[in-house]
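Next come two complexes built around chain A: one with chain B, the other with chain C.
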Partner chain A sequence: MNEAAIRRAGAAAEATAAPAPRRALAAAGRAGLVLAQRALLLSVLLAVVFAAIELLPGDAATATSERGESAAGTAARRHLLGLDRPVWERFGDWMTALPTGDLGTSARGERVTGLLAAPFPNTLLLGATAFAVTLVTALALGCWGALRPGGAVDRILGLACGIALALPEFVVSVGLLLALSLWTGWLPPVTLTAPDGSPASWTMLVMPVLALAVPQAGWNARIVRGALADQADAPHVTAARLDGLSPRRVLLRHALPGAWPAIATGAATSTGMLLGGAVVVETLFNYPGLGTVLSGAVADRDTPVIAAVVACTGAVISLVLLGADLVRARTLGARP
Partner chain B sequence: MNWTRRQALWAGGSIGAAALLTSCGDGDDATSRPADSASGTPRKGGTLRIGALGRASATTRDPHGTQANESDYLIISLVYDTLTAPGLKTNTVGRLASGWKASDDLKTWRFTIAKGAAFHDGSPVTADDVVWSLRRLRNTPSGAARLPGIKADGITADGRGTVVLVSDTPNAELPLLTRLTTFVLKKGTSDKELAKAPGTGPFTLDWFRGGNARLLRNDKWHGGQVHLDAIEVTMFESPQAMANALLGGQIDVASNAGAVAARTAASRKDIQVVRRPDDMAMPIVMRTADGPFADARVREAMRLVVDREAMVKQVLSGYGTVANDILGTGDPAYADDVPQRKRDLAKAKKLLEEANFGLSKTYELVTTEDIPGLAESAALFAGQAREAGIRIKVVKQESGTFYDKTWLKGALYTTYWGTNDSVVFFASKTMVTGAGQNEAGWSEPRFDDTYRKVVGTADAKARAAALRELQKIEHEKSGYLVWGMADGIDLAGPTVRNLPKLPGYGRVQLENVWLAR
Partner chain C sequence: MRPHGPSAEGTGAGGPGAGWVDASAADGLAAGSAAAGSPTGGNPTTETSAAGSPTVVSVTDLEIRLAGGPVLLAGAGLALRRGRITALTGPSGAGKSTLLRALIGDLPAGAHVSAGRIEVLGHDVLTLSPERLRHLRRHRVAYVGQDPGSALDPRMRVRRLVAETAVDPSPRTVRNLLAECRLPVGDGLPDRRPGTLSGGQQRRVALARALARRPDVLLLDEPTAGLDTALRDEISDLLRLLATTRDMAVVLACHDPDLVARCADEVVELGKAIRPAPRPAPRPAAVPKARPVRAGAGAEAGTGGDPPGTGLAAHGLEVRFTRRGHPHRALAGVDFAAAPGSATGIVGPSGSGKTTLLRVLAGLRSPDAGTLTLDGRPLPAPARKRGRTMQRRVQLVPQNPLGTLNPARTVGATLARPLRLHRIAAKEDIAGRVAELLDDVGLPADIARRRPHELSGGQRQRVSIARALACAPDVLLCDEVTSALDPGTATAVMELLTGLRAARRLTVVLVSHELHLVAAYTDTVHVLEAGRVTASGPTGHLMPANR
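Presenting the complex of A and B:
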């Protein structure tokens, strides 16, 4: 969001050539401003979530009632859950409690912080691992293909990445499940939970991570390859090549640095896809993460739980996007 | 809200997996399928790893809350005891109560607390604890539905060992009401202490985390010897993941895994498929109060149109039995002598003609995907009805919409019921005039009179006769088309013995299970 502003601000800072402390202060200020914007965006998103759940038929009181509970019983439950109050009031209460770390109470009377205490770190672990695998694979494959543009490796990789990015997570999951677990018995088919709420063994992470990383790695490898192709035509890269530097040196020292902004942006957008894909993948592998919490909460119209999941994942995605923006600002700022 | 799509995807995925897995079972011919899992002398010891369905967002620890998760209910019912429990020969057996006796007018019931019953911390169970727990249950929003006809002041203690329940109306079946949710906690347990509150059940809680738990044997359980050292409960969101865990040897039992998983596992000789008959009814409801199905002849015709064998075979993959339009098929008093209704298109057409039923119109059959097979049953029935010239369009609704807009109001919709071992349960809850869940809006004075006779008669013989009459009326006139009963299906590894065979919530009684070596 608003990279242009950052770039302009960066250019202005360069132009005035302010002393270092002031520049650092300005940078911190800019980051603070962007953070504030992101927080505002997240609040708007949460308001939309509250409104959207309000628009769905039924509410948490009916969704969590016994079948055939009397109307009076459901009304009592509705009052208990505070659902008889207007939606903006509930949103306001929830938002004002948010800074204190209070995420409200689920429709079944459990503290939402308690419900998310184990799943959120688990999903972060899954997402971060998948993100790292995605990034490393994408860089490796993209650079490998770019070493000889149009070569056999480049073309095969292009095709393979195209297929990988088109595969939905559940197809990858079922394939992995059959190949690595049910046929061969190499890996446990589902994730069991240790007493502390985390996966009982690291082997249980392998398949969920791969299922998430394969499509995203395909997508990002294409981006890396494309960004490197753009850079290949840049004057300084052409000059380096004409100087007779080795293709590897040209690629890593001259083309790759200029490709960072595009790569960072691509990878950052993958965060959303990774966390979204986690909903499906976690269910298939019974991974104890946010995805399983979210799918159940939507069915229950459990607004506090849904909003809490959105807030957690939204914050993570915002931070990663912010990081990508900083990478862009730094690279582009250095080479205006 | 991708539930629908995801389920469809899973169906596809699992069929593929089933076909591919058939090759896996070949190496296991040495361990033949145990013919009777109850045979042999029980061996003490071992940890049973059991998977049960549940969603992380819906976990609850309150024994008197609404437990949507089978995993939560399983854990709660192993740690806490209900007053009574579902049984095999009679549909109600004692659990925390060792016996019960009614007054002559069948309004006042006295329950005796079992000898030696004690909480896990050693303190004995008193009538005060039971009264406090039942009142706590009664005062929840669901209380009126769980203890119908009993008010909070109608629950009192008589001495240390007797609890008295007073019903507003005569009710010969009152002990039946105390089977599923009357978990007993210590008097004065606060909401904050619920997670650690001691119970009286066959197992004590070792740890609970995010829906998963480990339970340890209670050596001093009043109900007898428990064989297992421990039970580990793992929560699964999808039945397919649960079946995979079983196939991969990560768990020993997949509780209520369903027909699709059973088909997947059928090729594996080392997996036991435990069928619990009469587990789930999936009737079609035809509104009797008004609308196109108000005429009893039309309803009769619809019941003659359905091809019950085909429904059981295709919707339930054969894991079920044909039913006869009477709910409560698992009741020992179920009237299996009422002639089975069979498909008769000619008679159906004649009845429709007599009733002047509009065949040019298209009727909507509303269904949901709340349980596997429900939407499929609607689609198959619509196809069968077309053969009789009745045009039915299946409308799928999301669960929330369904309960908001269609349930108890619609002219034609599918429903499902999980407690099928009592005819009277259904009569009282869904068929008597004005019942809270009278799904078809049915009102039949003859049925109401007979129902009152059943619940108000103490004499066993007269009562049995009335109960049979009740079922005959239901068979002829009610708003239900009960085409079949789905089996409950548990999958178990080769060493598991003596799993419960009871339908519905009877599946959680794991105290008699043992592991062979």
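Presenting the complex of A and C:
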């Protein structure tokens, strides 16, 4: 659905930009090719997921068996779940059903679409908020440091960002829990779920978002700072400085635009880290997201659920990377 | 040439020199905006000096050197007055650019002023606080560097580039400024980005950007390099006019004796004694060195090179750009031929497609129509499809050496790369060959350890020529290779190319605005106008008419 919408928007944009219909068609063709490549990449990823679960010891039938279930009963359930068929057949079945929106049935007999309906938007909300916080913080800190290269602010920020990016999410989470919840009592330590499956109040989002954003902001601030340092040596930035433009203007108007490709690529790679970190953070804060679903499904060796989660997050990451590529193409396209 | 200002001022308070300095320092900020509003009147700091016009910049016994290293500029003295144009000449590497940059308080990395002082509009720029220095650069002293192509932000449109520094950023004023700099404003140029402009247009946009802030002092580094004679004369007339009407002190570093003769009131020649003027390597030494190398490379490549080919030829070249939906033809059916060992000149006004033609020949831009042949065999249009031998045989010396030399590599590494890549010299011979190449273009061997930004414009240009020669090419495409060289060095480089033509049947294609060089060193000339060859034939027939 997402891809179709993007394709439509892309085609519309191309149509307004190019007067000749033939060029619009060619552009749409290129866009379609790019999307097809991404889709192919995603299916390869899913095949790897299927293979990896197959290699784990045990299968869904044993993992979900009741205590005291007979071997014959387990075998019967294995047959029922189709686990006695070869893995590529199951993969083929699951993949051919995917375009219709059917994500299969879990080992416990629930529809996977139903299982993901509430947690996926929650994780998207968490991830998107953390992404926005990461980006804004990284840009602000990177630019602040770049205003006076080698100054006190620059050096302290460089050190602080290095520490922040080295901290694992769970360490940050524990620190935040201690500081904001146990000692001060400002924020609730665990997430309570409203009847519709979403967090009961926005205050419950604050700590998970911070726990995800702090390491990523450290990483991205360093990228922003580095990209700006590269740009500072560009001849046109030197020329702008010699024209006596204010440091802020030189930074924002002349150096930053050239740094966008590096910043966009760095931020896009952070998406994967954010969604991966979400598994840990959601478990720690009892946040009703994909992380909880995923860790349960891995314990159950529940291939359809795991594959569905990977498909969802993979599509999101793929789209963000595509966005970064567009930013890059646009910025570099302005060059001769 | 008398400025209008001082007569209206009458006698100012205080004597010349000290009084003026104090007043200016006190109201530096106010004077900047006052000067911007009305350049000739209302400036309280103007003081008539003994010579009749006020001195705005004075440099005395300036010496700039790298810490523990070479002297970049020695004993330079300069006095600029309002309404007058001063030309700064001297051999390549004499410190012209260093002096201009020092006037706005910018020294090369690692350099310091070891003697002398610089006073600009009453401020000692070397001790000025960063904020006041910035203000000086922003409102009162404008500098245009040697390489405006890379100095203009590639992501900004011309309109915004000029409006950014303008006192009055309204679209009408910006258009007037562009028109004043002889840029065509009617055909959408203000909405284009620098990358789509020709070298000459970029230079004029940079000039417009400098003039937009209505400076008191205008510093120009090689303002007419890469411009044709007609444009050069227009620009020099424009500078004359601006210097008078805006009562502006103009200083230009340049090599072009015609420009100096045409518009300069005063000439300051820099440091003849600092470095010996680079002389070309003696011909008999250079030529035999080249021969065995070429033969070895030819045998390895299997083309021999001895059977007389037909050289480089192009037929019906078409290059189209789309600019905001409007098609534009940079080349419209151009035929071109250059026989082995010949020298072909390509001349034409700025923006006529000369550089595009060279880029097509070099394989950097694929034509939309047309074919290329080398010695009668088809030459693939994109360079990467040409195969190693073909790539080696056709070499381009680009217009803009700073943008094309890798800033992270030393000159030695830059020159060694093609030698290794095309297996022209054995590993242990590479250092020696690099020194020979540098010697060929009149550079000392110790340049090999430096990086491009540590070299002067002329030195960079010669490194760029040496890099192209390193591959032992059969066809050398030269795009304004002498624009940053003083006449002596330019002649030496042309002599070098002529020597190589005779010794190795090197084909030289020369794009240049310096018509006397084209007249002296080419045998065929193509005249390009708006993407078409309007005339071509033997230089002797065509050039006298152009001269």
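The criterion applied here is as follows: the second predicted complex is superposed on the first by the 307 of 336 C-alpha atoms of A that agree within 3 Å, B and C clash if a C-alpha of one lies under 4 Å from a C-alpha of the other, contacts with A are read in each partner's own complex, and residues count from 1 in each chain.
Everything below uses one rule, namely that a residue touches a chain if its C-beta (ideal position, glycine included) is under 8 Å from a C-beta of that chain, and two chains touch if they have at least 3 such contacts.
Given the structure is predicted, the values throughout are model-derived calculations rather than measurements.
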Superposed partners chain B and chain C on chain A - clash or fit: fit
Touching partner for A:245 - first (chain B), second (chain C), both, neither: second
Of chain B and chain C, the chain that contacts the larger number of chain A residues: B
First (chain B), second (chain C), both or neither touched by A:321: neither
Partner chain in contact with A:103 - chain B first, chain C second, else both or neither: neither
Partner chain in contact with A:258 - chain B first, chain C second, else both or neither: second
First (chain B), second (chain C), both or neither touched by A:139: neither
Chain B versus chain C as contact partner of A:310, first or second or both or neither: neither
Contacts of A:196 with chain B and chain C, given as first, second, both or neither: first
First, second, both or neither for A:213, with chain B first and chain C second: neither
Minimum C-alpha spacing, chains overlaid - chain B and chain C, in Å: 44
Residues of chain A at both interfaces, chain B in one complex, chain C in the other: none
Residues of chain B touching chain A in the complex: 1-3, 6, 9, 13, 16-17, 20-21, 24, 55-62, 65-66, 68, 141-146, 207, 209-210, 212, 214, 234, 236-238, 240-242, 244-245, 247-248, 250-251, 398-401, 403-405, 429, 436-437
Residue numbers on chain A that touch chain C, as the complex places them: 18-19, 233-236, 238-240, 242-246, 253-254, 257-258, 331, 334-336
Interface residues, chain A side, partner chain B - complex: 56-58, 62-70, 72-74, 76-77, 80, 106, 108-110, 115, 118-119, 170, 174, 177-178, 181-183, 185, 188-190, 192-193, 195-197, 279-280, 283-286, 288, 292-302, 305
Chain C to chain A touching residues, read off their complex: 101, 104, 106, 133-139, 142-143, 145, 147, 150-156, 164-165, 193-196, 209-210, 213, 325, 402-403, 407
